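All remarks here apply to the structure that follows.
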Amino acid sequence: MTETVDTPSITFAEDDWQGIGAAATEDQALYLELDGWEGPLDLLLDLARRQKVDLRRISILELVDQYLTYIERAEALRLELAADYLVMAAWLAYLKSALLLPREEQPDPSPEELALRLQLRLQRLAAMRDAAARLMGRDRLGRDVFARGAPEGLRVDRKSLWQCDWFALVQAYGQVKARTAPVVHMVRDRMVMTLDSALSRVSSMLGVNLDWMELRDFLPPHADPRLRRSAMASSFVAALELARLGKAELQQDETFGPLMLRGIRA
Amino acid sequence: MSRPDDLVRAVEATLFAATEPMSAEAISVHLGGAEVKAALAELAEQYRERGINLVERGKRWHFQTAPDLAHLLRREREEVRRLSRAATEVLAIVAYHEPVSRAEIESIRGVQTAKGTLDVLMEAGWVRIVGRREVPGRPVIYATTPEFLTHFGLESRRDLPGIDELRAAGLLDPVEDALAEAMEAAGGAEGEAETQSGDEADAD
Amino acid sequence: MSRPDDLVRAVEATLFAATEPMSAEAISVHLGGAEVKAALAELAEQYRERGINLVERGKRWHFQTAPDLAHLLRREREEVRRLSRAATEVLAIVAYHEPVSRAEIESIRGVQTAKGTLDVLMEAGWVRIVGRREVPGRPVIYATTPEFLTHFGLESRRDLPGIDELRAAGLLDPVEDALAEAMEAAGGAEGEAETQSGDEADAD
């Protein structure tokens, strides 16, 4: 084990982590638990811990070799490996070859940087795993310390103090009355020709003329346009009525064409 | 304050965490057969004048709030709340037409009235049930209370303005819904807002 | 124990009866606005060595049994949920790094975090969403809750085990920051981070 100084760090003591693989000393047992790792970083951390050195002094080359060996053997045992384990294996193989290259042929980023990055990630994961273990080991409420079993409870009864004033009250009543009062529709005074006057006008005009006449010719001449509309409607109904009574006949050659009207002599 | 001995501490913690009062025997069993009577007596004495007491009831022990502090367990908080528009309308109808049944209120308002609305008015102390109408179904009939008159500063119900006066004051003019709502919103801004939209919403 | 003054008794009774931890402010409101900080400090001291203690967790106070009595009380009470390893790791990462996004959690763990993992922690009431990070995608960010502090017996996040050391060692900084620093310090030669040396962590 590495020489340690008097500051905290993130290495694992051998007995402080009961995670997967801790008891698996035989390779075989380890492989069968490959599923148990949460991804390649997890497996790498476990392997790193087996080097039993401070994570900051770990041999990345050795770690890479161990990882690649495991993956190879897992493949030999025909264990199905998740893709990310294989991706990591390929990347580590690349890292290894780069680390072994002569210095002047090194690519960018440098293999040292890549190795350091991996190391830093392992340190951080280890730190959090350690922190989690320490957190779980605290005196936890409901497990180690207990709250009162049967608290009486504090009840706060909210009592409403209702507010309303005179005006609001009276206004509300006014609104109810206004809303529910019977509605009266005022119809504006309009110039109209009643059906009765149209009937007498049309029938008297038919009496003096036996030729076909267009309905329009029965309307009062020079009438106000509004009266004219009313007269047209009334005269049309009057014409229908006269036809029904057998006093007139109607003819229209085309839709919307002029409506022709002729009296029938009794 | 000195540290109590371990047995006293154990009994104290056990009773504190227990969900039910425990007999001395049950505590003893829980603590591996220790003799706990003396510890219970000591604890009871230590807690005698505190905000919580250790008491024995029917041979079973438990902690409870000191009797003189029982009022702390249940407090009332008063909140000023403005009456909703629906409730105000119902109150006005009761005031103008009393005694009146709920069905009559609804026919005057022209909308259904939630049961809760009348409850609110009764909770406020302004409306009460004064009997039943002797018609089929014997519906309950409501009227206003003396507190209602007091709150609204009225000598009697006759002080309420009549229809003609309301008309003269413009209070019978139809108010656009939007305007009514705007007034409602503006009024509701002060105090606890009773959010509602439209006539059917009732105070809960 | 001697008879405490009335305010101390009232605070004592209130916290004893409360079903949830209470902040000093909430206690004060419950007691009609009394200044309770001194009373809380006095109570905490009075209960320091007893079988039950008054503790502050995330600015909220509650009574709980003394930790050294755990063995007496634990028995039939395995109510605490068992967290998966993934969930404990995620919880630790959130607690030590908060506020933190899911992507940041995943970059530390090196694996995707199952949807259920954060849900479990949120359901337990220990983690909550506290907003969004103002970066592209506006990811949701997570942090711990007062209930987390209560459950794990932490007065505040500063009490998280080893957090000062982790921070000093740069282990709570992103890899990128540490990388830049280390490359600079070591000239990129050995790839050895000479930030802080350390010894074995003693996690028990």
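For reference, chains read A, B and C in written order, and residue numbers begin at 1 within each chain.
FYI, contacts are C-beta pairs under 8 Å (C-beta built on N, C-alpha and C of every residue); 3 or more make two chains touch, one makes a residue touch a chain.
Note that this is a predicted model, so its numbers are computed, not measured.
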Which of A-C and A-B has more C-beta pairs touching across its chains: A-C
Taking each chain's C-alpha mean as its centre, the one farthest from chain A: B
Rounded Å distance, chain B centre to chain C centre (Cα mean): 38
Rounded Å distance between chain A and chain C, as computed from the means of their C-alpha atoms: 33
Euclidean distance of C-alpha centroids - chain A vs chain B, Å: 39
Chain B residues counted as touching two or more neighbouring chains: 13, 16-17, 63, 65, 72-73, 75
Where chain A touches two or more other chains at once, by residue number: 146-148, 152-154, 156
Chain B-touching residues of chain A, taken from the complex the two chains share: 146-150, 152-166, 168-181
Complex contact set, residues of chain B against chain C: 1-4, 8-14, 16-17, 30-31, 46-47, 49-52, 63, 65-66, 69, 72-73, 75
Sites on chain C touched by chain A in the complex: 14, 16-19, 30, 62-67, 70, 73-74, 77-80, 83, 85-86, 88-89, 91-93, 95-96, 108-111, 150-154, 160-163, 165-166, 169, 171, 175, 178-179, 182-183, 188-193, 196-204
Complex interface listing, chain A residues touching chain C: 4-13, 16-17, 19, 38-42, 54, 56-57, 60, 84, 110, 112-113, 115-117, 119-121, 123-125, 127-148, 151-154, 156
